[in-house]
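Working notes, beginning with the structure itself.
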Amino acid sequence: MILVLKQKATQSEIEGLKKNLQARGLGIHESKGENTTIIGLVGDTSHMSEESLLANPVISKVMRVNEPYKMANRKFHPEDTIISCEGQKIGGNNFAIMAGPCSVESEEQIISIAEDVKKSGATFLRGGAFKPRTSPYAFQGLGCEGIELLKAAKKITGLPIVTELMSITQLEFFEDVDIIQIGARNMQNFTLLKELGSCGKPILLKRGLANTVKELLMSAEYIMAGGNENIILCERGIRSFDNFTRNVLDLSAIPYLKKVSHLPVIVDPSHATGLAWMVPTMSKAAVACGADGIIVEVHNNPQEALCDGEQSITPAEFDKLMNQVRKYLEFEGKII
Amino acid sequence: MILVLKQKATQSEIEGLKKNLQARGLGIHESKGENTTIIGLVGDTSHMSEESLLANPVISKVMRVNEPYKMANRKFHPEDTIISCEGQKIGGNNFAIMAGPCSVESEEQIISIAEDVKKSGATFLRGGAFKPRTSPYAFQGLGCEGIELLKAAKKITGLPIVTELMSITQLEFFEDVDIIQIGARNMQNFTLLKELGSCGKPILLKRGLANTVKELLMSAEYIMAGGNENIILCERGIRSFDNFTRNVLDLSAIPYLKKVSHLPVIVDPSHATGLAWMVPTMSKAAVACGADGIIVEVHNNPQEALCDGEQSITPAEFDKLMNQVRKYLEFEGKII
Amino acid sequence: MILVLKQKATQSEIEGLKKNLQARGLGIHESKGENTTIIGLVGDTSHMSEESLLANPVISKVMRVNEPYKMANRKFHPEDTIISCEGQKIGGNNFAIMAGPCSVESEEQIISIAEDVKKSGATFLRGGAFKPRTSPYAFQGLGCEGIELLKAAKKITGLPIVTELMSITQLEFFEDVDIIQIGARNMQNFTLLKELGSCGKPILLKRGLANTVKELLMSAEYIMAGGNENIILCERGIRSFDNFTRNVLDLSAIPYLKKVSHLPVIVDPSHATGLAWMVPTMSKAAVACGADGIIVEVHNNPQEALCDGEQSITPAEFDKLMNQVRKYLEFEGKII
Amino acid sequence: MILVLKQKATQSEIEGLKKNLQARGLGIHESKGENTTIIGLVGDTSHMSEESLLANPVISKVMRVNEPYKMANRKFHPEDTIISCEGQKIGGNNFAIMAGPCSVESEEQIISIAEDVKKSGATFLRGGAFKPRTSPYAFQGLGCEGIELLKAAKKITGLPIVTELMSITQLEFFEDVDIIQIGARNMQNFTLLKELGSCGKPILLKRGLANTVKELLMSAEYIMAGGNENIILCERGIRSFDNFTRNVLDLSAIPYLKKVSHLPVIVDPSHATGLAWMVPTMSKAAVACGADGIIVEVHNNPQEALCDGEQSITPAEFDKLMNQVRKYLEFEGKII
């Protein structure tokens, strides 16, 4: 960490600051420029807050040299994390295909879609049981019943299931869920993240709509610091001033996250674009960017879907998508 | 709600759509233009999802005519909501002054600050017990002990207390808290919002960093739909591309929210700007914009604060701020 | 265009509005709902301003049904525009590879790079002569001399040249330039756009940092309305709250622009990401998204570049990039 | 400027870098940490590009210690700049009131509005002659004729005139214009900015929709570096994800700009909000934030305005606005 001191800082103020910092166990490198004095801190500064330092009247700028995340950092864990789940792998050269409806609506619906996507090559079944909806008057998901239906679909197809957890209070119903999804709006629900640290299951952690990739990694760090290192990061679009797509799919986040972290990164082209016709194209682009998987909304009858119909593709469209994606995966040396 | 149909829609497709809509109990007004057919829906469409409609291959655009929030809507509740709390009022011509440290750190600290801000004119004591922090390695607040210390400060000063709830699981410790604050990162924690519907206490609901004012109102609607109508909205800055302030304080949100909703609106200039020296100026601007209160971070020793020191002002600075704010309140016909 | 009237609108006000609109030559479809009256306008509304309409005290909302751009609209021009330039084609199944340094620095530099990128497969030479720089104290480009050096490089390699025009006053020096680039900061320099309407040369029009794709198309429309239909659109990243890349490369803009417009769309991964190591990956993603070309910064010695070194790749890296991109192009049925 | 070197940097690479920097006339302070070496540069680095430095494979981060603007910097010019113009002053404790229509439409219109706003207390007449419009099919302003009409209105009322320049080619018609306005879309039209450096007139420079305040100051620096120090900065709203107002009026920019620069700062509440009813409120807030003036759209018949009617207030509303603003000015010790 580097501190740039204010020009008006007096020698005695500087000495006071240095003592204070040394008392926290940090080594100090001082460098006096023509107008400016710079202090480099040596030691572990991950617990130091830039804001508290800036409240010191002697300090004008603070620059962090090292990343504030450690367990998620590739520097300290050079090999890719590969997550195993019910015989499927995610990460390394293993590409995950998660597909299914926005919401579980009925046994018939979820089983039919599960069979269809499995036939086309999906390796996980996704489906919402507890649904975060902007309006209290919108369909809120089937809840526990939805999870039971997902389990029924798993029994028949063998596909491990991925579904969203919205609150600690729902955790008891997730015993048979294979991957717990944390939605964009809960990415910084820190109480929830801490709780997941002591949960043995893989966590699919979605990037918030206005969260930086560093914040995404800090949220992963929360879970990892609690002991659970099975995190799958997910890029699902960020907010911008334009609205031709629902959000802006930030594909650059994939190579960046893969470079700075060892965790697998998947892409959700359905929520990002909100446009069914764009999903296949953005799925291919995700492969080109080095993603470790995609999570795609598939609905047998999008126009009757109880939520997010506009962004769901049909099983037939998913089948075509898979044919295209497979060729790209081959180029990139990835296997499903 | 207005549906613009696709140009290529056939007459039989249009008839099918109309039957479907009528079956949902909606009246229909059809209007055929040169190239385009438009359908106006008559009746309650607040439960209808724009996305599901857009999944219909016949529909090209959807425009909502009425706001999707009802209980928070001034149309159906023309008078200002005035919230009473321990003898203090918020809303109407009553201006609330909430002040206190980012985090409760010790009994001595919180009592000293409480006494100071009361002397200067604060009407509520704010202070964090459970702290949402981006890093798992940062100070996370004193938790329940923090709440006990706030209660001690209330006993001495009489100031009602405002503190943040991060999770349903903490709710049991909030029995003696006067106003429950929901932070920006939890604005769309829908499970939490639902729970607050059956809690009798006033809720201070902060706008999320990348949430629209309509979404803020929908989150208020969640709580109100559950039976709790004592909501105080709070503008605390939104994310942008610039970073000279921590966030962009969107003061236009105040007159807008006051126009479309009857709920009181307060402003948090400390978190919005992240700069102590800017807090007094933005407090005055908040009054000029018609705010119903401010919530300000005050710390006896900002440079030693365990969090957010950079944005905290000292009790002496708060006293000066109050002198300026009082004159502006006089202009605007507001009372503390 | 659809007008939603205010609930409080009186019958005589509505009649007044209708007369006013009919006087502008528009047909009217009125639809009365329970609380709301809607007026659909039939005829050409492209010259009507939504803002002027909203100033009418009777009108509460305005929704445009048709796009405000016509010449750039695929509806009225279903086939892809294919631009021919010095024997090269852009659009349809022709993929353009534009490569070269940020700034032309010397004859030796530009010729060496031109020869290198040609060998690797580039079909156009790019290079800045007039440089838009944020600081008046930064290198501003070689100006006319830079254009002469580009011409020298073209003479040797045969590569047509692409370079940026910053002002009408420079136009006289662009006689031998093959494609005129309009930078992101000039995307809404309307005086310049109008002037380009009467210029016969292809225009490479970059999307502004905070401009919507609709605004990009309206800027293309400005040039086309003047008589020049040879426009190449370019996605080069938009501004966001995150800064791990310089801008957010909005790859979804490619399939969207290709769907609504017939103009070719290329991608600038160098400026978008600002990170040399990410350029090859994002180039592949651009192909996957259906782009009609890429424009890439290549510098023989990035660390000594007079501008934008961080984002330039070396000729050797460009050669590798081309090998990867070729495989993707083959799969997408595109030819260089 | 501070350079953080990469951990893997070898001693000989570091020596090479240091020699290179010294050859540019810079002094060097080296500071070796446990894992990291830091180099502080002493001397004038305003011409050094962070991007070129980052292209050096030895450098991992660059932090600028000093602002890249000098002439606009309050550090080197502690007193407020006060601009004199036709007997009016802007800056210091002088508050400017610029009012008038979006577009000049006719002699009758502009004279009538000029007389009205003068009566209410305006000190400048604003009005568009050359209009930047998103669509080529929208009204583009009366051009030179509009400037003649503004001059006629000045003759009658004595109000100095402010109008927008879109291109160098129009400069010849601006001889009698008192303040030249540069619009948001031209804030980084660097060729135009350079030209204005040799123009003696005050320049009203608007912040771009997605430009940082630092970039605004760098654009002012362009003009000042050319010899014209009479710059008035203008905050007029930035783009965000929300659209309840047209743009987000970033009022925090006022105290910030006033702190780091000596140039006067005014506010345009009309373009920022796009909502006539919000203009008086945001004008008061601008005064509270320390602005040096406001620029407000006033139209005698907003619903028939040829552009931007929605955001224009009537002369009667402007008169009320002035009554409110005057009280605030008095309190802030400002005079009109």
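By letter and in written order, the chains are A, B, C and D; residue numbering begins at 1 in each of them.
Here is the rule we use: contacts are C-beta pairs under 8 Å (C-beta built on N, C-alpha and C of every residue); 3 or more make two chains touch, one makes a residue touch a chain.
Since we're looking at a predicted model, the values are computed, not measured.
The minimum number of touch steps linking chain A to chain D comes to 1. Listed options B-D, C-D or B-C contain a single repeat of the A-D interface, assigned here to B-C, on the basis that more than half of the contact pairs agree by residue number. Taking A-C and B-C together, the pair of chains sharing more C-beta contacts is A-C.
Distance between chain centres (mean CA atoms), chain A to chain C: 32 Å.
A straight line joining the Cα centres of chain A and chain B is 26 Å long.
Chain centres here are Cα means. That of chain B falls 39 Å from that of chain C.
Touching of two or more other chains is recorded for residues 210, 239-241 of chain D.
Contact residues of chain B toward chain A in the complex are 46-47, 49-57, 68, 130, 132-139, 166-170, 185-186, 188-194, 208-210, 215, 218, 221-222, 225-226, 239, 274, 276, 302-312.
Residues of chain D touching chain B in their complex: 210, 212-214, 238, 240-245, 248-253, 255-256, 259, 272-273, 277-278, 281-282, 284-285, 287-290, 327-328, 331.
Against chain B, in their complex, chain C makes its touches with residues 2, 4, 27, 29-36, 38, 40, 42-43, 61, 63, 65-66, 210, 239-241.
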